[in-house]
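Consider the two complexes below, in which subunit A is the common component and subunit B and subunit C are the respective partners.
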Partner chain A sequence: MTHSIKRGVSLYSFQEEFFLRELSLEDCIRISVGFGAFGIETIAEQMMPGFPNLTEDFYRRWDGWREQYGFQPTAHDMFAELKLYPDRERPTDELVADLKKDIDHTARLGATVIRILAATPAEVVELAAPYARDKGIKLATEIHSPRRFGSEWFESHLEVAQRVGSDVVGICPDLGIFVKRLPRVLWERSLRDGADPDFVKRVVDVYDSGEDTSILPVEAERLNLGPIEQDLAVQATRFIWEEPRRLLDYMPFIHHVHAKFYDIDESGEEYSIPYGEIISVLKEGGYDGYLSSEYEGNRHIQDAFEVDSVEQVRRHQEMMARLLDDEKQGD
Partner chain B sequence: MFDRYIIVENSLRNVEDGADIVGFAFEARCGYYRRLILSMVEELAVSVDGEAIPREDVALTVDGTSYSLEDMRTEYTVAWEFGDPATITVRRPGGLTAGPHELGLAEQLRISYIPVPHTPSTTQTQTVAA
Partner chain C sequence: MTRPELLLGPDAAVAGPGGLEVRIRQPWYRSLPLTSVLGVTVAIDGEDVPADAIRLRVNGRSRTFDELAEVWDEVWFIQDEGAVEIAGVERAAGDDVDVSVEIELRFPYIIIDGVGPLTRRTDARRTLSVQENRP
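Let's look at the complex of A and B:
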């Protein structure tokens, strides 16, 4: 099927190597572009120290990299600082003022989308929307597990998008809402930490068969199991499986997609998320934005293995290129 | 998520003031996946050889300025940048004896969208030079 879906990378994927100063911001960009992923999504609070007060020097360097590597800045990931104060909530006007700074930053980067943290009050998005429209920036609330389509939370954000207009406000589905099988890296870690193998099997069986996971923490407690098992049981409740075809109900609102993944094995498949199924739905719906690789396996393997985010992103990009069949890409 | 990296290896040393050893210090990273403004760093629980250090004896130095945990509660601008080592200084007259010590650090971080604090922690054996 002809489509206009583009490949990108969220530099979130390289957080382990950046944290340890093994890769710089420029390295992350160069590596992504080298995999044919020309859309670059950034998290200023990870890789742009000084944000939101970045210098013109920084932005000039950024412009230079754009010219040198030929990438397109896609999205900036914002974080609503809801708990800045130890003793009181953050007032709405302060959150809106922060979001306007995010909008300025995104425009200066040359990107067009802001990933809105799911916990951001819908009211804040609505109040900042006129400013975003003036600057040509889209505000896309992230649909991130365990939050679901159709929930009260979801509807409140969708209503804002409908009121303001989907040209400015929309959503950014994180493909972590389509976890069909519990990520292997998650329960393998529990086994390494000494979890009871029978209980691990039980957790995996309950999750993978689509049963209600909320019984798992209760069972762990009833069986008097330790913190490792309790933790796995709770973690299993935070993964969800939505039917990918639900995306078709919201196509005009989808401005960006976080192509979340936990583990691409040597055969080039994501163990837990059925990418083939999801990508054909996105093609069918006429999605024309970016699939932005977001690797999140490092935290589950770093106890025992050398994290190689670059190799994981390479495999993920190769898989997406195969599923998108880049040769047939339309405009 | 970055627990194992929050104490920077080979960074433990005594701190001198003139001729006196007034404490010890080491380098630490904020164990979260983005920078945090200091008001959201609620606790830095340091232990050495199993002994917990009183919180009032702990300070964090970011970009040349030192903050007690009490100061940090209301510091709403300065951030502990992602992956950037900052110095944790512990007031302890006489410092630590030369040789190996088991150094522990537990951070308590207030995160915008998580109901309970994030609490990365680790222990590491480090050697104070003679």
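Let's look at the complex of A and C:
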């Protein structure tokens, strides 16, 4: 099937190496482009010190990298600092003013999408939408586990998109809503930390068979298990599995996709998320935006293994290129 | 990003001009406003340092934790060290020192339903060789 889906990387993926000063922002861009991922998604609060007051010097350097590496800036990931003040709520007008700064920054980068953090009030998105439209920026609320399609939260954001227009307001599904099997890196970590293997097996069995995971923390408590088992039980309740075909109900609203992954093994497969199934659905629905690699396995393995985000992203891009059958791209 | 080694690196103990300093990192994937740093506790050679003997220097400015609570418009960049300044504890460069440190962060953008903003403690303990002062 021909399609126009493009590959990209969220530089979130390289958080470990960036933190350790092993990779710079420019390194992350160069590496991604080297894997054929020409869409670059950035988090200003991670890699652009000084944000939201970046200098023109910074933006000129960015422009220079665009020219040198030939990438397309895709999305800027915003944060709504909802609880900035310890003793009071953040007023709506301050959140809207922040979002307008995000819009200016995104436009200056040359990107077209802002990942709206899921916790951002829908009202804030609606109030900033006219400004976004003027600047040619789309506001895409992230659909991130444990939030689901069809929930009250989801409907409130969808209503805004319908009212304002899907050309400006939409969604950014994070593929972590399609976790069919509990990530192996998660429960292997629990085993390394000394969790009871029988309980770990129970958690995995309940999750992978699609049973209600809310019973797991209760069971851990009833069995008088320790904090490691209880933590695993709670974590299992925060992963979700949505039916990928639900994406077809919302195609006009999908402006960007976070291609979340936890672990690509040596055979080149993601253990927990059925990428083949999801990409087929996106092709069928005519999605023409980016699949932006978002590696989030480091936190589960860093106790015992050297984190190699670059190799993980390489494998992930290779897998997506295979599933997209890149030579058939473009119609 | 809460690996203890990320919080407390091998060169973390420094003989500062005003006493021992423990250079730490903000163990998270993005920079946070300084008001997000709820507190740091330190024990040196097994002895707890009183809270009022500790200040945190970030972006070249030393503050108490009460002062940090009010700083909303300045962030701690994730590649930068913060210096925990410990009054009344002197150590010379080359000495070995056993350091325990714990930092508590509040994430202003991660709201747990029915609970409020997520907070997280990260701790680390290491025996370190005290380094000469550095910027």
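Note that in this section the second predicted complex is superposed on the first by the 330 of 331 C-alpha atoms of A that agree within 3 Å, B and C clash if a C-alpha of one lies under 4 Å from a C-alpha of the other, contacts with A are read in each partner's own complex, and residues count from 1 in each chain.
The criterion applied here is as follows: contacts are C-beta pairs under 8 Å (C-beta built on N, C-alpha and C of every residue); 3 or more make two chains touch, one makes a residue touch a chain.
Owing to the predicted nature of the structure, the values given are computational and were not obtained by experimental measurement.
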item: Clash or fit, subunit B versus subunit C on superposed subunit A; value: clash
item: Subunit B versus subunit C as contact partner of A:21, first or second or both or neither; value: both
item: Subunit B versus subunit C as contact partner of A:303, first or second or both or neither; value: both
item: Which of subunit B and subunit C A:49 touches, first, second, both or neither; value: both
item: Residues of subunit A at both interfaces, subunit B in one complex, subunit C in the other; value: 12, 15, 18-21, 43, 45-46, 49, 79-86, 117, 119, 298-299, 302-303
item: Complex interface listing, subunit A residues touching subunit C; value: 12, 15-16, 18-21, 43, 45-46, 49, 79-86, 117, 119, 298-299, 302-303
item: Footprint of subunit A on subunit C - complex, ascending; value: 1-3, 6, 25, 29-31, 33, 35, 69, 72, 75, 77-79, 106, 108-111, 116-117
item: For the subunit B and subunit A complex, residues of the former touching the latter; value: 1-2, 4-5, 29, 33-35, 37, 39-40, 42, 73-74, 76, 81-84, 110-113
item: Subunit B-touching residues of subunit A, taken from the complex the two chains share; value: 12, 15, 18-21, 43, 45-47, 49-51, 79-86, 117-119, 298-299, 302-303
